[in-house]
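The structures considered in this document are given below.
Paired with chain B in one complex and with chain C in the other, chain A is shared by the two complexes that follow.
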Partner chain A sequence: MYKSQQVALKYFAAAIVLFGIMVVAGLLAATQYVHNGFLLNQLDFSITKILHIDTMILWLLMGFMGSIYWFLPGELNRETEGIKLAEIMFYILCGAIAIVALVFIVVQYGGANEFSMWFINQGRKYVEAPRWAAIGIVLVVAVFCYNIIATTIKAKKVTGIMGVLIVDLLPLFALYLIAFASITNMSEDLFWWWWLVHLWVEGTWEVLIGCIMAFSLMQLLGTERRIVETWLYIEVALVLGTGILGLGHHYFWIGTPGYWLAIGGLFSALEPLPLLGMVVHAVYDAGTHRMKTTNKPALYWMMAEAFGNFLGGGVFGFMMTLPQINLFSHGTQWTVSHGHFAFWGAYACGILSVIYLALQKAREIAEVNGGRWKWGFALLNLGMVGMVGALLISGIAQAFYERAIGGSTLQAFIEGQSNMWFVQGINARLIFGVMFALGYGVLVYDLLTLGKRKAVQPALLRPA
Partner chain B sequence: MMELGPIGTALLLGIFVLFAGCYGLLYAIARLKERSTWMNAAYACYALQVVVTLLIVALTPLTLGWQLLVIVSCLAYFKLPAIAWSHLELTHSKAEVP
Partner chain C sequence: MITQDPSFWRAGAISSTVVMSIVLIFLTVDSLSAIAPGGRNVPRYTVINQAIDYQFDAARNRSVPVIGGEQLLFGRKYSEKEAQALMDKGKLTIQSRACIDCHTFFGNGAYYAPDLTKAWLDPVWKQMWMPMTQSNTREEAMVKFLMDPDKYPTWGRQMPNLRITRVEAEAIVGYLKWMSSIDANGFPFGFKTAETQ
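For the complex of A and B:
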């Protein structure tokens, strides 16, 4: 095994740990919705929410980086350049995450001054990490870019997938720099901040996961390079064609010019089209191989990615993306429902698929199957579907009672929060959240013991 | 005629894409299994999508431009699975040629 792949396994392990912290923080935040006084003044909702969202971003990022470090040596037939540096950056990143998490939990907040910005909380949603840690993230991503580009140059070989990946690295690195801006005009600040949030998620990450899935398809199903590269070009073009200006749906109601309503609505409405293409592609790939593979969980998680992306991004997104609807749904639990489903489908399922693939190779398992992964798969996906369904009900109640009837006043907000439908939805979300957490537990157990469990002898199963 | 509010409109838009997804999924399965039953089910889903499109046009407060967008999308959703499938077959058949 290449050193790069050993480093990749470390990234995957850290990603799964962060996934767990995200689940725990999510459960705490969900409990705080049900019991408002839960951990009040000890670990407030504002902190559990930050932990939940930031660990989500970080575990996916670590999963992406791990996936690339895993596939890169095989793609270019050589060790990754500067892999020692990548390993050092991995430990620095883990240390930084631990320190930032401790500061969030113990210190929590500071005064409105430079010290807080540098050492406690930068104060910008989703990129709350204090400035010193944000600089650390920039360095980690810079090393990641260097590893890929330098390895490609040394190998003197640019495959189609590598070409797409390298082009994607520049915006992946540059867009994060927006986290450092200090713009005092709130509309202007949000305008650029969405470049980071949306263009990372619906731009660079989409391309990154497209490249990762292309590598996975070749390894999992033995699909020919020319085929995956052709489809990578088509799908990346379609996703970026609709996704870049789909940015406009975040520009509703933040003080941007009115034409963004039309641009955002139009391009967002087109976003489900490539996702439907991916569903057709997934059925073709799985069907032509008759679902036969030596790694069932990897295949199922890959299928879940195509369907989850379509349902979460396409169906749940289109429901609320036109400005006429978004006026009422923006910022309610409806958005939360869409966000959970889309992230799960578009990224989380894909990374879990790669982790199963990597473990199969690393532990030299001839065939990955069995019953345990199915439980993890079912509990996680049913838990997620239940959560997003419950949040959808709460969100619709909020949009109707708080926004449409109540007119978005503070009183309407409070009444909306105590509405029966909202409360029932929030309660149900917690129950399905527990189901999801159980699924996470089963997943971790399965990953830890994969290839280490003793195979049951057929003779033992026969009646005496 | 009764006009739906934002919630009803949103649900119709969601169902619109959901039927598109069902149509695409069933279309792909039908081509894979080469069975007309699956294809009929796919077309039934598409027919339901057309019905939802008509309901969106007739009952929602969306203005003409947005209604046209939904109608054009509905037509695109009809062709998309067939185009995707034929390209998949094309790329795979080319790959099989030594």
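For the complex of A and C:
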């Protein structure tokens, strides 16, 4: 095994730990919706929410980086350049995350001054990490970019997937620099913040996971390079062709000009197209191999990624993206429903697929199957679908009673939150959240014991 | 067949990305001028010296902010420089207390607490908080609530005490007043202010 792949396994381990913290923080936040006063003035909702969403971003980012460190040596037939530096940066990143989490939990808030921005909490959703930690993330991503570009240069070989990956790294790195901004004007602040959040998540991340899935398909099903590269280009053309101006659906209501209503509505309505293409691609490839593989969980998680991305990102996004609907659905639990489904489908499932693939090779397991992974798969996916459905019910009730009828005043907000359908949805979300947490437990147990539960014959790995 | 040739789709990927990026850059330049304080959609910070309302405009078929005559905040008139300083402080307070991780601004943020886009115009200040806090003005009621939210519980879900100082609370109130003057294309829909009620 390459050193790069050993580093990848460390990234995967850290990603799974952060996944767990995300689940715990999510359960706490969900409980705060159900039980008023739960942890009030001790660990307020804002803190559990920050822990929930920031660990989500970080575990997905670490999953992406681990995936690339895993596939890179195989793609270029050589060790990753500067991999020792990458390993050092991994430990620095883990240390920084631990310190930031402790500060969030213990210190929580600072005064209205620059010290708070640098050392406590920047208070901007998803990028709350204080600036010193944000600098750390920039350095880690810079080393990651260096690893990939330098290895490609040394290998004197640019495959189609590597070409897309390298071009994608530039905006991935540059957009994160927006995390440092502190703009007084809220409209302008949100304008740039959405460049970061949307163009990362619905642009560079989509392309990144497209590259990772392309690597996976070749390893998992032995799909021809020509086919995966063709699909990757189609995906990039459609993702960026629709997603760049699809950014406009975040500019409907922040003070920006009215033309964004038409532009954002049109292009974001087209955003499901590449996601539908991914479903067609995955089903076609799996079908031509009659679902035969030596790594069932990896294949099933990859299929979950394709369908989850299309349904969660595409269909659920489309459902609320036209301005006529978004005027009422925006900023309600409807958005939360879409957000959960989209992040889970588009990214989390794909990373879990790669982790199963990597562990098969790292532990030299001839065939990965059995019953336990199915429990993890079922509990996690049913838990997620349950949460998404429950939040959708709450969100539609909120959009109707608070927004359409009530007019979004404080009184309307309270009436919306007290509405029977809203309350039932929010209660059901917690129940399905517990189911999801159980699934996480089974997943971790399965990953820890994979290939260790009974003696397996080491096998020379062929394409899985 | 040409559609099975990766280079055909590579050309499509590059061209669509480049074209869309160029369009985005042009729109960004125009949007930034519209949302700068004093731009087409966002008033200057000194608008806090004036009365602000939010009324339905039949011609545009949506609600729009309406800027009226002088209505001082905390009984004082802010100069351009003072208003800028107040807004800087207000935004820093909002960020340092991570307000956006419970509330929403223009619908963006968390969804645990009410949207603050037009909070300054909410009739609840006059109806509930002014009597509850024994304040003569809306801004005074808001300051008292922000400094000691646990003293003034309104419903089951309470705002935590974030150790907000008097200076910070005044800055937040000023910020919310300015924010309520921004034209957000009719969001929030049907918001009834104290005046329109």
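The rule we apply is simple: the second predicted complex is superposed on the first by the 454 of 464 C-alpha atoms of A that agree within 3 Å, B and C clash if a C-alpha of one lies under 4 Å from a C-alpha of the other, contacts with A are read in each partner's own complex, and residues count from 1 in each chain.
Assume a contact is a pair of C-beta atoms (placed from the backbone, for glycine too) under 8 Å apart; a residue touches a chain by one contact, two chains touch by 3 or more.
Small disclaimer: the values here were computed from a predicted structure and weren't measured.
With both structures placed on the common chain, the touch criterion links A:Thr288 to chain B but leaves chain C unconnected. In the superposed model, A:Phe328 makes contact with both chain B and chain C.
Of the two partner chains, chain B is the only one touched by A:Gly277; chain C is not. Looking at the shared chain after the overlay, A:Asn36 reaches chain C, while chain B stays out of its contact range. In the overlay built on the shared chain, the residue A:Tyr300 is in contact with neither chain B nor chain C.
Once the two complexes are overlaid on the shared chain, A:Arg226 sits against chain B and chain C alike.
More residues of chain A lie in contact with C than with the other chain of the pair chain B and chain C.
By the document's definition of touching, neither partner reaches A:Trp205: not chain B, not chain C. In the superposition on the C-alpha atoms of chain A, the part of chain A touched by chain B in one complex and by chain C in the other spans residues 226, 230, 234, 327-328, 404.
In the complex of the two chains, the chain C residues touching chain A come out as 4-6, 9-10, 12-13, 16-17, 20-21, 23-24, 27-28, 30-32, 34-37, 40-42, 84, 87-89, 91-102, 104-115, 117-119, 122-124, 150, 154-158, 160-163, 165, 168, 171, 175, 179, 182-192.
Touching chain A in their complex are the following residues of chain B: 5-7, 9-11, 13-14, 16-18, 20-21, 24-25, 27-29, 32, 61-62, 65-66, 69-70, 73, 76-77, 80-81, 84-85, 87-88, 91-92, 94-95. Of all residues in chain A, those touching chain B in their complex are 224, 226-227, 230-231, 234, 262, 265-266, 269-270, 272-273, 276-277, 279-281, 283-284, 287-288, 310-311, 314-316, 318-320, 322, 324-325, 327-329, 396, 399-400, 404.
By the touch criterion stated above, chain A contacts chain C in their complex at residues 32-33, 36-37, 40-41, 44-47, 49-50, 109-114, 116-117, 120-125, 128, 160, 164, 182-191, 193, 226, 229-230, 233-234, 236-238, 240-241, 244-245, 247-248, 250-261, 263, 327-328, 330-333, 335-336, 403-411, 413-414, 417-418.
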